[in-house]
Amino acid sequence: MNKVVTFGEIMLRLSTERHLRFEQAKAFTASYGGGEFNVAVSLANYGVNAAFVTRIPENEIGACALKEMRKMNVESKNIIFGGDRLGIYYLETGAGTRGSNVVYDRAHSSMATIEKGAIDWEKVLEGATWFHWSGITPAISESAAEACLEAVKVAHNLGLTISCDLNYRSKLWQYGKSPSEVMPEILHYSNVILGDIDTAYFMLGIPKVNPNYQDTKSLPALYGQLFELCPNLKIAATTLRYSVSASHQRIGGILFDGKSIYDAAVKEVTPVVDRVGSGDAFMGGLIYGLLEFQNNNQRALDFAVAACCLKHTIAGDYNLVTLKEVENMLDGDGAGLVSR
Amino acid sequence: MNKVVTFGEIMLRLSTERHLRFEQAKAFTASYGGGEFNVAVSLANYGVNAAFVTRIPENEIGACALKEMRKMNVESKNIIFGGDRLGIYYLETGAGTRGSNVVYDRAHSSMATIEKGAIDWEKVLEGATWFHWSGITPAISESAAEACLEAVKVAHNLGLTISCDLNYRSKLWQYGKSPSEVMPEILHYSNVILGDIDTAYFMLGIPKVNPNYQDTKSLPALYGQLFELCPNLKIAATTLRYSVSASHQRIGGILFDGKSIYDAAVKEVTPVVDRVGSGDAFMGGLIYGLLEFQNNNQRALDFAVAACCLKHTIAGDYNLVTLKEVENMLDGDGAGLVSR
Amino acid sequence: MNKVVTFGEIMLRLSTERHLRFEQAKAFTASYGGGEFNVAVSLANYGVNAAFVTRIPENEIGACALKEMRKMNVESKNIIFGGDRLGIYYLETGAGTRGSNVVYDRAHSSMATIEKGAIDWEKVLEGATWFHWSGITPAISESAAEACLEAVKVAHNLGLTISCDLNYRSKLWQYGKSPSEVMPEILHYSNVILGDIDTAYFMLGIPKVNPNYQDTKSLPALYGQLFELCPNLKIAATTLRYSVSASHQRIGGILFDGKSIYDAAVKEVTPVVDRVGSGDAFMGGLIYGLLEFQNNNQRALDFAVAACCLKHTIAGDYNLVTLKEVENMLDGDGAGLVSR
Amino acid sequence: MNKVVTFGEIMLRLSTERHLRFEQAKAFTASYGGGEFNVAVSLANYGVNAAFVTRIPENEIGACALKEMRKMNVESKNIIFGGDRLGIYYLETGAGTRGSNVVYDRAHSSMATIEKGAIDWEKVLEGATWFHWSGITPAISESAAEACLEAVKVAHNLGLTISCDLNYRSKLWQYGKSPSEVMPEILHYSNVILGDIDTAYFMLGIPKVNPNYQDTKSLPALYGQLFELCPNLKIAATTLRYSVSASHQRIGGILFDGKSIYDAAVKEVTPVVDRVGSGDAFMGGLIYGLLEFQNNNQRALDFAVAACCLKHTIAGDYNLVTLKEVENMLDGDGAGLVSR
Amino acid sequence: MNKVVTFGEIMLRLSTERHLRFEQAKAFTASYGGGEFNVAVSLANYGVNAAFVTRIPENEIGACALKEMRKMNVESKNIIFGGDRLGIYYLETGAGTRGSNVVYDRAHSSMATIEKGAIDWEKVLEGATWFHWSGITPAISESAAEACLEAVKVAHNLGLTISCDLNYRSKLWQYGKSPSEVMPEILHYSNVILGDIDTAYFMLGIPKVNPNYQDTKSLPALYGQLFELCPNLKIAATTLRYSVSASHQRIGGILFDGKSIYDAAVKEVTPVVDRVGSGDAFMGGLIYGLLEFQNNNQRALDFAVAACCLKHTIAGDYNLVTLKEVENMLDGDGAGLVSR
Amino acid sequence: MNKVVTFGEIMLRLSTERHLRFEQAKAFTASYGGGEFNVAVSLANYGVNAAFVTRIPENEIGACALKEMRKMNVESKNIIFGGDRLGIYYLETGAGTRGSNVVYDRAHSSMATIEKGAIDWEKVLEGATWFHWSGITPAISESAAEACLEAVKVAHNLGLTISCDLNYRSKLWQYGKSPSEVMPEILHYSNVILGDIDTAYFMLGIPKVNPNYQDTKSLPALYGQLFELCPNLKIAATTLRYSVSASHQRIGGILFDGKSIYDAAVKEVTPVVDRVGSGDAFMGGLIYGLLEFQNNNQRALDFAVAACCLKHTIAGDYNLVTLKEVENMLDGDGAGLVSR
């Protein structure tokens, strides 16, 4: 059986309800999430053995995060304790012409102060078949970047498939290094990369090309350059997101396996209940699809797009849908009928 | 003055708020509803003398349901007490591509264990002009089906108009009989039937025909077959529902009076606040229209469609709108202007 | 630096949440607002020195309104205390085909019983550059109308720019005078008028003309008539609102400066979180634009339209947006992207 | 069977939750209540046929009050419609050393503007055996006082038992008359009076005596003076309330039937969930006791005290307890055991 | 390391907030609990390896219960799926003189319809050192009683310590057998019994004795009779609960180990946030104490009492306290100081 | 007129409602507070001109704090902007035997990273008569301690009265210096000190004496030592707090003015709605009393005790009471009567 290990930060998410602005909120809805954990939740929901590795503080707020991991059926036995605080992000959910707003308060978190050597990766990855990281971890601090590189190297040596969601966040990368100084070495070991082509180019330190995803014939060459720079790369994929408004998104996806381009039909997503974590839902769907539909990259991509669409209808960071719900949507049921 | 008696089950409805999934809910919104009661509420709101007959347990939860009937101005003096529990249904409201989900927990309810003879129908129906039942009651248990048949026979003998909403629910009919073994005899006495043509055919035990409602010329023959099988039938109607997504419905309707087909213009319904009970709102509107606009079946149908559309904007099972609000919409005001 | 003084009533707003009807509400969300105060809040948010003048009762509810003024950074030092009650309005927020409903309970309020002479306008307006009032104040009582006229005269003598939002409300004007008996004298002193052309004509006592705002060539003549009747008028503007449903509005605007017609592109607004106060947001944006973009009436109008659109995404009466957020939308960002 | 008619005002109650001060509240809990209606609810809960007569506005807020009457199983068919607004009271619930605070906003309400002749009392009181009013109605306006006197006279002529809760509120009586100018004539017809002896003396215009309720031997003389001034008086009773803090009350009661003094044991009431309406709960219990335990004034008084104590544990104006719950407490169960 | 397995029913708990009566509730707080699961949660919180065995339905509500078990860190891998519904209990939390009220709706639940043989107890109990059951399981249905007996026998054969909380509930035992027909055989195998002496006598079918727990010298003889009837009994304990009111409890405890009586000091518990589950907290504390303080029965008892007291301050069924918190209270800190 | 300036940190407070433990909370109530700001709010509520000086981040969360200052009518014009984050504290409110729990997350806050020289104290303190600081500011970071010392020196030079609340928090003081290395120099300039005698001794680096506050004759000598070590000291006061449980406190106070000991009667405080900020309420009351009742130290102390008691009944950090409410309590009204 497959086992996927993801590594990253889990934060306390403090969000306002019903589109309230921060100043209007008398209360913040408290939940927990973070890109790589969200991916693990998706996989656990689909029945995959999923584990999460992170560092959390030994206080009551860290304990809440731990209970959440357990509730979500994500293996948490290898998380480590230490540091001073659980990172936070504040979220104000937009509507229509007003976009959502994220205020990060994650500096100095337990995960940001993790150091190389803190985790015994040989032990942690024993029995695992897949390792997932994202561009957020190298973005939060230099020591986290080093810890990430260390993990990826061990995973590579142990023969795991390694996936990365590039996840560029302009409000991070504040510690004095640019992505192109840090990311190439970690991406070197990755077998699956999810992200916009230009984001990948930027992180790899090569000029942006402003890709036209409608012109699918032009894409093999563009993705091909990634394959050259990342020698272990097997699959590159991109979520296509057309934002009509904060409440209306159109979602598609592209996948390149070194040979062929796969293109998923664009789906209408409206209204948007919560779009945070929808990229992680795509990533979780993609990993699931690549694991389970191994000779069917088109279905893997379609599964990722369907999962991503469903995520927009669910509050919170995680894609709380079952395998059957994604499959139903894949197989045509997107009309939102009542089940009774 | 007209008096309409409806007969069926009222349940506790436990629903999640703001599109939360069941597992996310720290609380369930508690309300009360059920197809036939919902119809009574619509009629009471329009000023019709409406009564509801059911069986509820003699405990605090049953008492809550009774208070709700009183609040809604539906006569409740003929409900009977007994049995162990009020039936429940859990509701998770979907959005966009994710449909709503109903989990029934109504087996062994006070209404499911009602028996023939428990209600003195001659007394209950004294002074009434219309009796309404639906396909849910015969679906919950054999004894409820028998109680329903008994009621319909008395209503027929007393000369009341009898209406039925077919309301097929695949998650019910678990007691060992199929609809076609039970429904024909009860439908035999009905004068007004609301439901999809194929649902009616299925319940009457004849082959489905996959009707094309756009091809209105084809419909008289299809409805005609119903009139043949149901000798007391005067009006057959169908709600047309085109589901773009859980948040966007398109609603129309068709009515056949044995002579002519009436077709209501399709209306856009978006967003959907709550679509549960929208069929009952149609039924309530139709009964009202047939009672009040007796020589104007087109207006009766249009009224039913307008009522059904408005219901989608209202949380809970009932159509909490006034007669004037439906009439305003009928007469052109669907643009949602502020009244001030 | 500019200082804008607005004069009018602030009320307690009691609204239902999540589209609930009044009868479903176990609680009313309590906030505070009123047309002229809402304009002051917009201006304060854009960094303009804004002051509000009103009369509130010396009780705990009045004290809440005062705290709200302070929180919003609107100068409140010249409000006066007296009278018996803070006016109230109840609000039920519609959806789709069901419009919102406002129930006023503002008669006998402290502001409705204000009298001429109660405020020392020379002192209050010292240092101000702009005075704003609306057609609501003369609509609530005769003495309020007199107080409004008094204020406008002093503002005129002191050389302030005077703006008026016509704000016709059919549920007001209950004290025995019609708008055309009261409004012309007050409008006489106004330099900027916001409102529908026919509303202006009606208030000035001349026949309505049913203007076609698409036919922009026809508009200078129609607005020109306003300029004739209001000798101090410099700018007349109209918010264009096309209501697809309670949840979908289309917003544009027209401005005439005595010479040219300016026409703003119509924007889609969906979903509507709260449309109450969107006209005040337009007015606030227009005042800001006229103050800051003095030689650019087109940008002033576009700013007003953008502000108005954003308001629809915000709960409550006020337009809680920053200058930068309106400018971002003006400059093309209406796709509701996440900021992170 | 007994039928009790009560007459008075029902208001919208807007209260803060969890001891919040008004300025902290983002929402007000909305419920409906008023002294005389609260008495009717108590009686309906005990199985007595109870009716309420009042005047409410013909708007959505009045409709909410009407639905509440129906829900509570209080006959509402004789309420009349008219006037402009439903009265309001704001309530901030204290704790410990901080008392609760009521802000009235009930002037100009539909009930305050009721006039003599508006109600056909002969018809309304047909079949009734008891009429209840309180000192609040004559306190809100002169016309309401006149309407109250009219009702009492008809009730007297029809031979009903008439009860009055003196209910002195210092924040009312603002219309220019003092209680002693108005109350004596109405009290003249009353058979049962509930209230502090000094309050009665004050309302009857005689000097206060500062009664010592512990010295029960002194009480017959004091109550006797009431009997002299109120020729129809049969029963005078007083709720004894010792306030340790807003969260801790001690409740007893005294009753004089012209011959004997009855004294109920003082009970500890802590914590106090909501003490508003606890006097009405005493009154409702007293009427019930006098109706049902006709030869047992001690039990009638004890029932009133027990009902009053239980009310303090219940949020809102009404005493939502069953007959059996009061009886259980009367018969010794005050230890708050779990029923399961 | 010790491993404790508990067996019983987990239910959906639907409770009203803030002392509201059922009829006042617009929402029910949803949580999950049941006596034997609550014991497992206590143990998991203290760091003991705890597992729960039950039967839940394969629907979304069962899935919620499963997530809750995971969140609470209670091993759930041996629960079985089947049956139609998760049992429910409704809870209204009293205050002062008004007791809490539980309405059960647990008949026909998945656990009530469990059958002997459904669980492979040899496998489930492998590696466990303690088995806990309660008198609720034999009370819900005959087949559940049989399943319980089967489990106890296997646990006995495997040499586990077996504990039982007698937990008599008068609203259960509805299936036609009395406790004394069922309980003796199951109690035969139990080594630790928690419960009132008279409850034990009643369940064992011997005459009640109305024990006086203050007269500790009289207790050895009374407990001794239990030891005679239950040949495997090693420890008998009783929670002493003196109920001043629903909001004020006084908690002590007695333990007899066949030789000595241990008596814990009575502690004041006020206010009571939630007393449901406080007996389970005692039981959990007792098991922990007997496991960890093996030669110190006094400390085991004191620990149970302290745990029980703390539970009253916590909402929901479980005792969400850490080992350190109970120990702090044991060691003198009951004054509720702020930790900061 | 007096003007009081306070200096310290304002934090976002995230608290659970209804005694929920952190892990149970789906939402945190968001409010803002901090010792020195809380003092300013008290003073503003009493009508004193109060100003607050702090450093907050230039983000949306800082903006919320700023709005709160304005709402509370505390002058905020001299706060400075900068740094990365607003400090946070999590609060779980205990009950009975379970104490409240504070988890600080305030390291690296904007206030913690303030530096000497950041504020132009001569300008800020112009026109002020009183400066207040507390032992928290020197406890959060070395640079904050330096900024505090700088402020105190300027205040001293300008002739302001300087007060200090010692506010020792064991969870702070993490930056490598002990209180006795930092506090003596700042206390040197203080004229009023509030705190336990042993806390003062500890901060001044002298041996603790375990004072017996009941033995008032022993106190002059103990306080006298403070006067020797703090040459500018005029008033030393101590809040006496006897904690019966988290829900029941007993509050008194002692004041020494260099000559006489003043002793306030101990008051019962139960229930406790929120005790956080009650020390600040004492401090605010004391400053008010010393300013306004200058020749009446007993009344100043009694006022402080009354204010402190009232604070326990109010949710949140601030003492939201009026001058009149404190005076009413001072003058005997502590029985929590309803005002109506």
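Odds and ends about this structure:
Should a chain be cited, it is by its letter among A, B, C, D, E and F, assigned in written order, with residues numbered from 1 in that chain.
Going forward, a residue touches a chain if its C-beta (ideal position, glycine included) is under 8 Å from a C-beta of that chain, and two chains touch if they have at least 3 such contacts.
Here the structure is a predicted model, which means the values were calculated and not measured.
For A-C, the equivalent interface within B-E, B-D or A-B is the one where over half of the contact pairs agree by residue number, namely A-B. Matching the C-alpha atoms of chain B with those of chain C calls for a turn of 120 degrees, to the nearest 5.
Two copies of one sequence, chain E and chain F, touch each other mainly through non-matching residues, since under half of the numbers at the interface are common to both. Put simply, the C-alpha centre of chain A and that of chain F have 45 angstrom between them.
Remark: chain A and chain D have CA centroids separated by 63 Å (rounded to whole angstrom). For chain D, residues touching at least two other chains, in rising order: 18, 23, 26, 67, 101, 271. If you check the complex, the residues on chain A that touch chain B are 17-18, 267-273, 309-310, 312-316, 320-321, 325, 329, 333-340.
The part of chain B that touches chain A in the complex is made up of residues 18-21, 23-24, 94-102, 104, 169-171, 243-248, 271, 275-276. By the touch criterion stated above, chain B contacts chain D in their complex at residues 67-68, 70-73.
By the touch rule above, chain B contacts chain E in their complex via residues 14, 22-23, 25-31, 59-61, 63-64, 67, 84-85, 88, 90, 92, 101, 103, 105, 107-108.
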